[in-house]
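Chains here go by letter, A, B, C and D, matching the order in which they are written, and residues are numbered from 1 within each.
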Amino acid sequence: MKRIGMLTSGGDCQALNAAMRGVVKSITVRDPEVEIYGFLEGYRGLIYGNFRMLSGHDFSGILTKGGTILGSSRTPFKTIKDPDENGLDKVEAMKQNYYKLKLDCLVILGGNGTHKTANLLREEGLNVITLPKTIDNDLWGTDMTFGFQSAVNIATDAIDCIHTTAASHGRVFIVEVMGHKVGWLTLNAGMAGGADIILIPEIPYDIDKVVDAINKRKERGSKFTILAVAEGAISKEDAALSKKELREKQKNTKYPSVSYEVAARIQEKTGAEVRVTVPGHTQRGGSPCPYDRVFASRLGSEAGKLILDGEYGFMVGIKNREIIKVPLEDVAGKLKYVSPDASIIKEAKMLGISFGD
Amino acid sequence: MKRIGMLTSGGDCQALNAAMRGVVKSITVRDPEVEIYGFLEGYRGLIYGNFRMLSGHDFSGILTKGGTILGSSRTPFKTIKDPDENGLDKVEAMKQNYYKLKLDCLVILGGNGTHKTANLLREEGLNVITLPKTIDNDLWGTDMTFGFQSAVNIATDAIDCIHTTAASHGRVFIVEVMGHKVGWLTLNAGMAGGADIILIPEIPYDIDKVVDAINKRKERGSKFTILAVAEGAISKEDAALSKKELREKQKNTKYPSVSYEVAARIQEKTGAEVRVTVPGHTQRGGSPCPYDRVFASRLGSEAGKLILDGEYGFMVGIKNREIIKVPLEDVAGKLKYVSPDASIIKEAKMLGISFGD
Amino acid sequence: MKRIGMLTSGGDCQALNAAMRGVVKSITVRDPEVEIYGFLEGYRGLIYGNFRMLSGHDFSGILTKGGTILGSSRTPFKTIKDPDENGLDKVEAMKQNYYKLKLDCLVILGGNGTHKTANLLREEGLNVITLPKTIDNDLWGTDMTFGFQSAVNIATDAIDCIHTTAASHGRVFIVEVMGHKVGWLTLNAGMAGGADIILIPEIPYDIDKVVDAINKRKERGSKFTILAVAEGAISKEDAALSKKELREKQKNTKYPSVSYEVAARIQEKTGAEVRVTVPGHTQRGGSPCPYDRVFASRLGSEAGKLILDGEYGFMVGIKNREIIKVPLEDVAGKLKYVSPDASIIKEAKMLGISFGD
Amino acid sequence: MKRIGMLTSGGDCQALNAAMRGVVKSITVRDPEVEIYGFLEGYRGLIYGNFRMLSGHDFSGILTKGGTILGSSRTPFKTIKDPDENGLDKVEAMKQNYYKLKLDCLVILGGNGTHKTANLLREEGLNVITLPKTIDNDLWGTDMTFGFQSAVNIATDAIDCIHTTAASHGRVFIVEVMGHKVGWLTLNAGMAGGADIILIPEIPYDIDKVVDAINKRKERGSKFTILAVAEGAISKEDAALSKKELREKQKNTKYPSVSYEVAARIQEKTGAEVRVTVPGHTQRGGSPCPYDRVFASRLGSEAGKLILDGEYGFMVGIKNREIIKVPLEDVAGKLKYVSPDASIIKEAKMLGISFGD
C-alpha cells in the first residue's frame, strides 16, 4: 500500500484535474488501498501541513473540469530557501511533513518554477514525480505540456471573434496572448486565427516592418489587419538594452502592457484606429479540450506506473507521441523556446505572416 | 419590382447578416425581381454613393456569419447636420443618392445613434424601415435586440473561464462587460456566470458595500469572489457629480477603464489580489447564437412584409414573443434602461447577488 | 424554519441544477436554517423514502452543470394510482413520506407527465410548487421552459455541422430533432440552422410537397437540401388514420424512426442520396446555455419567494418576460402546441422554408 | 509561372479549405502569377473537365470554414480503371485534361482511397502532391491527418452531453463513433469523454467481458456506464468468420449498425436499459479546430514549397512534429491501425477502461 502526496503549483491551467485523476486511477486499479494526501494551494500546503485525504470519489467527474480541486499558489523558487515571515525554514518544513506522513512519493504538477522546487526536493532526498502543466508549452524535455492546446483554443476563439468585427469596421486589431518569455501560444493561436502579424518574445520586432506589413495589406485591398501579440513581445531596441535598462524602462512605461505600446506606435505611424483586446486569465480557464484530456490522462497513467514501480525523480512527458520519463535534473530550470529558425516559423512566413523581423 | 437600399451602421454585432438575409429572402420569395443596393460602411456609403448591387447569392450561407457583409462605421448623430470636411451637406447627399437610385425604401440596421439618423431621414421624407441591432439591448420599443444574446454568451464564457481559475487561486476577479449606459448585458452575463457582485450604470455602487459583500463571502468560507462590472458602472460619489465635473474627473483618471478603478479600491480596502479581464470587442464578434439567428430572421421576414405592403417609417421589434412594428418617432432617441426596481433585480438579490447598493 | 422536499422527474434536461440552486439560494438568504430533503430518482425517491439531506455546499458550483444532482426517472402518470409490484399504494406512500418528514412543501421540477402527478399530490392536500422543465417547451401556462434553448443550441450545432458536409457532397440530409408531440424545438433549430424544410407534428406533411421543395432548390442551382424533422413528424395519410390504426402501423414499421421513413420516400421519389443524423439524447445534455441559466435562476428565485410566503399550488413560469405563478390545476394535462397559423410559421414560410403542407 | 490543378476527394472533413488556402498562399507569396484550376467534386471534376479558375479571393476567409469549396465525391478506386457508363476511360480522361490545361502539378487532398488513385496518376506520369485528409487518422506515413482532431472534438462533445443524462438516469449509453476499419477516433474520443468501455475494430470484443465491466461498475456503486463504440467494432465470433461469412451475416442483420447489436446483447444479458446515440456525419462537419487549422496550414505551406521546387510524387505528412514528405508509393494502399499492444492502449487500460478483450 502506497502513501502518495499530491500538489498543484503555479498558475492554474486546464486538465490539472484530468492529470490527477489519471494518476490516482492508474494506481488504484492495482493498489486499491493507496492513500492520497492532497496538499492545498501548492507548496504552501506542503510547507504548512495543510492537506486533505482524497478518495476515488474526489476524482469522479473531474476529467472535464477546469482548475484544480487542490487549489494552487505561486511560491517563487527564488525565495524557497528564505525563511518565511515567522522564521520557518520552508524546505525543512516540507521535508518534515513528507516524513511525518510517511509518504512514498510526492506527485507535483506544475510549470517551470514548480519544477525547480521539485528538483530541489529531489536533491534533498524526497521521492518526486512531476507532470508538465503549463499553457505556455515551454518546459524542456517534453514535446507538449497540458493546458497548452486548451489555451490555444481560447485565444483562437478571441481572434475569431475579433475577425468578424475587424472585417466590418476596417480597423487594426491587436489580440494580446499570454506568454512572457516564450511564444508557442501566440504563434499557434495566431496561425489558427489567421492573424496577419505575430509578435513573440523570441523574435524581436522592428515597428517599421510591422507598419510595412499593415500597409502592404492595405495596398492589396485588405481593409483590416489582425496582430497576435505575446505579452512578452519585445522591440529590437528594447532587446538591445541591458536587463537593468529594460527593467527601468518597463517600470516607467505608461502602457498597461506591451500591446498598448505596439498599438500606440502603429496608430502614430499609420493614423489607423487600433484596438486592443486582452483575453487574459480566461486563457487558463474552462473545461480542458479533448486533446488535453487524453494527453493528461496518458501522462497520469504512466506517472502511476512509475510510482507503482518505485521509479522516482522523473518528469513524465511526451516525445514522438509516446509518453516518456525524463530525469528531473535535466528539466529543471530550462525553457523550451521557439527558435526563429524553426520550420514552423518558416512555414508561417511562407503563408505571408509577418513576424516584424 | 422594388428597389431597396440597405445599410448597417454603428458598432457591428452578431446576426446583422442573418437579419439582412431575412429581409432579402422574404422580399425575393414574392418579388423575385427586387433590386438590392447595399451601401458600404454605414451611412458613409449612403452619403458618398458607395454601394454594390446585391443578389441572392450574396445572402447565401451568411445566416451563421458574424459581422456585416456591408461593413459599418460610426457616423455620430451629433454631427450629421454639419457639413463634411469638403463642405458637403450630408443629409442632402443622402437624399440625393436615395432619389438618384429611385429607391422605394431604405432598410437600416443599427442601434441608438443609428435610429436617430434614420428618424431624421424619415422626417426628410424618405421611406425607412429599421431593425434593432445592438449587443446592449437598450433600444426603446422592443423587448429584445439582436446581438444581445450572442454577446451574453461570450461574456458568460469569459466568466465561466475565470471561475475555474478564481476557484483555484482564491482571488478576487473582475470581468468587465460591455455597456456604457445600460446594464442588461452585464446583468445577464453576471447572473448566467454566477457572479457574486454585479455593477451596472443604473445602480450606482458604494465601494464599502462591495467590500462588505466580498468579506461576507470570505466569512462563509468562499475563497474567491467574481464581479461582473459594466464599462459604465459608476460609484455613488461620481453619480452625484455634475456632468461637467464627471467629464473632468474621467479625463484625468489614471485607470484605463472603470474596472481597474474598482479593482484598485477593493485591493486598497481588503488587501486581496484583484485581477481584471476585459473581453472587449470579442463580445461583438463570432457566429450569432441560435436564438439571435431565429430572432433576426423573424425580424427580417416581417420587415420584408412591411416593405412589400408599402408600410414605412417603422422599426420592427418584438413584444410578448410576437414581431411588431413601432413608429420610428417613438423609438428614436430613447433608451431602455434596467430599472433598479425591476423584478429581475429583486430576483438576483434574492439569489444573494450584491449590486453594491 | 422551513422543511422542503425536492425532486426532479421525467427526462432530464439542462438547467435543472441551476433551478434547484435558485430555489435553495433564495430561501437560504432569508431562512438560513431551512432543511432540504432531496428525493432521489424522481417520484421513486418520494414513494420509497429514498432521500438525502442537502446543504448549501451541494448547490455550490452546479449552476453550469448539466443533468440533475438528484437523479431522475420516469414514473408514468397512467400507472401512478396502480399499486407497485409489491402491492404498495404509491400515492399513499408519497403522502406518508411527506408527513413523516413534516415537510412544509414539495418542490417538483418536471414536464408534462410530472405536472399531472404534482397536481394529483396537490389535490391530495400536499403543498406543492413546480418548475417547468423540458426541452420541448410544450408546457401550458408559460412562454418558455428551461432546457429548451440549450436543446435548440445542440440541435442547431448538429445542423451547422451537417451544412458543411451537405454543401460539399450535394446530398439531401435529414437531422432528426427531439419532440414526439410538439414542434417548437425542431422549428427553432431548423430556422436557426437554415434548414430548407421543417417537418413538425402539428403540420402533417405531404411527401409530394416535400419532394417539390427539394426539386425547386435543385432548379435554382442549390446542390443540397437540409430537412429538420421532428421525431413526431407525421404524413397527411397517417394523420388521417384513427389512433388504433396508427399504432398498428407504427408497430409494424421497418424504420427505426420517422426520419428514416421520410428519407426512404424522398430517395424513392428523387433518386437522391439521403442521409439521416440523429443527435438523440445529446439534446438533453451538457452545460445549460446562459439563457437557460438566467431563466432557471429567476424561476428558482421566485419559487423560493412563494415558499417563504406560504403560497402553494403553483407552477412558476414566465409571461411577457416577467416571472409569474400559475395555478397547478390550470397547467396539468395541457400541452402548448405550435399553431399552424402562428406568426412564426408565417415568417418562416416568407423566408422560403417549406413545411411540406 | 506555375499552373496547378487542385481537388478534394472522398468524404469531406474539417480543414480541407485551410489546407488549400495554405498551398495557394505559400505559392502565391513567391509566384504571384500562379494559375489555380479547381476541379469540382473530386476526381469527377478531373475526369469530366469540370473546373473553375481560382484566385486569391476564393481563399480569403476560408481558414475557419468547414467542408470544401471545391465539393467532393467518392470515386471508388476499385472501379477507377473501368470505363464509365458512356464508355469513357476515366484514367485516360484525367490525363488528357491534365495535359490539355498544361498543368505543372495536381494537388490532391484525400484519404486512403484517394491516395490509391493519386498514386495511379503518378505512375501514369502526372506530377502529384497529396495532403492527408481524413477524420480517421488512418493514413500510413504520417503521425496525424487533418480533420481527425476536429472530429475527436465533436464526438467527445456528444459523449460529454450523454454523460450528464446518463448520470441522471442511471442507464447504459452507447455513443457510436465513426471508423469502419480503424479505431483512432473512437479511442481518443472515448478517453477524452471518460467512456468506461471502448470497442474498436482492432480489438475484437467478447460480449461477456463487456457485461463484466458493466457489472463491476455497478458493484462499485456507479449507476451508469458509457461505451464508445466504433462503427467497425467487431465481436470475437465475427472476427473469426471468413470474409464471405461475415459479409453474409452483415447483409442479414436486423440492426442499423453495430452499436444497436451491442446494445441488444447487453440489454439481453443485464436487463439494463441501453440507449444508442449516433452523431454520424456531424463528425465531419463544422469549423476546424485550432489544432487542425495550424496543422493543415503547415502542410499546405510545405506542399507549396515542394511544388515551387518541382518536387513531385509525395504526400506531405508530419513526423515528430516536423512536416515531412513521403513517397506516394510508400503510402498508397496502406492503413495505420491501432495496435492492441500500443502504449496508449495500455495506458487506457491502466485507467480502468475496458476494451472488452
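Going forward, a residue touches a chain if its C-beta (ideal position, glycine included) is under 8 Å from a C-beta of that chain, and two chains touch if they have at least 3 such contacts.
What you see is a predicted model, and the numbers here were worked out from it, not measured in a lab.
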Check your understanding: Count of steps on the shortest touching-chain route from chain B to chain D?
Key -> 2
Study note, to complete from the structure: Chain-centre distance (mean CA atoms) for chain A and chain D, in whole Å, is 31
Point to revise | Rounded Å distance, chain C centre to chain D centre (Cα mean) | key: 35
Point to revise | Contacts with 2+ other chains: residues of chain A | key: 160, 163, 167
Practice item. Would you mind giving me the full set of chain pairs in touch? Key: A-B, A-D, B-C, C-D
Check your understanding: Which residues of chain B touch chain C in the complex?
Key -> 22, 25-26, 28-30, 61, 63-64, 143, 149, 152-153, 156, 160, 163, 167, 188-189, 191-194, 289-291, 293-294, 297-298, 300-302, 304-305, 320-323, 343-344, 347-348, 350-352
Study note, to complete from the structure: chain B partner, complex, touching residues on chain A are 8, 11-12, 14, 16, 41, 65-68, 71-73, 154, 157-158, 160-165, 167-170, 173, 223, 256, 275-286
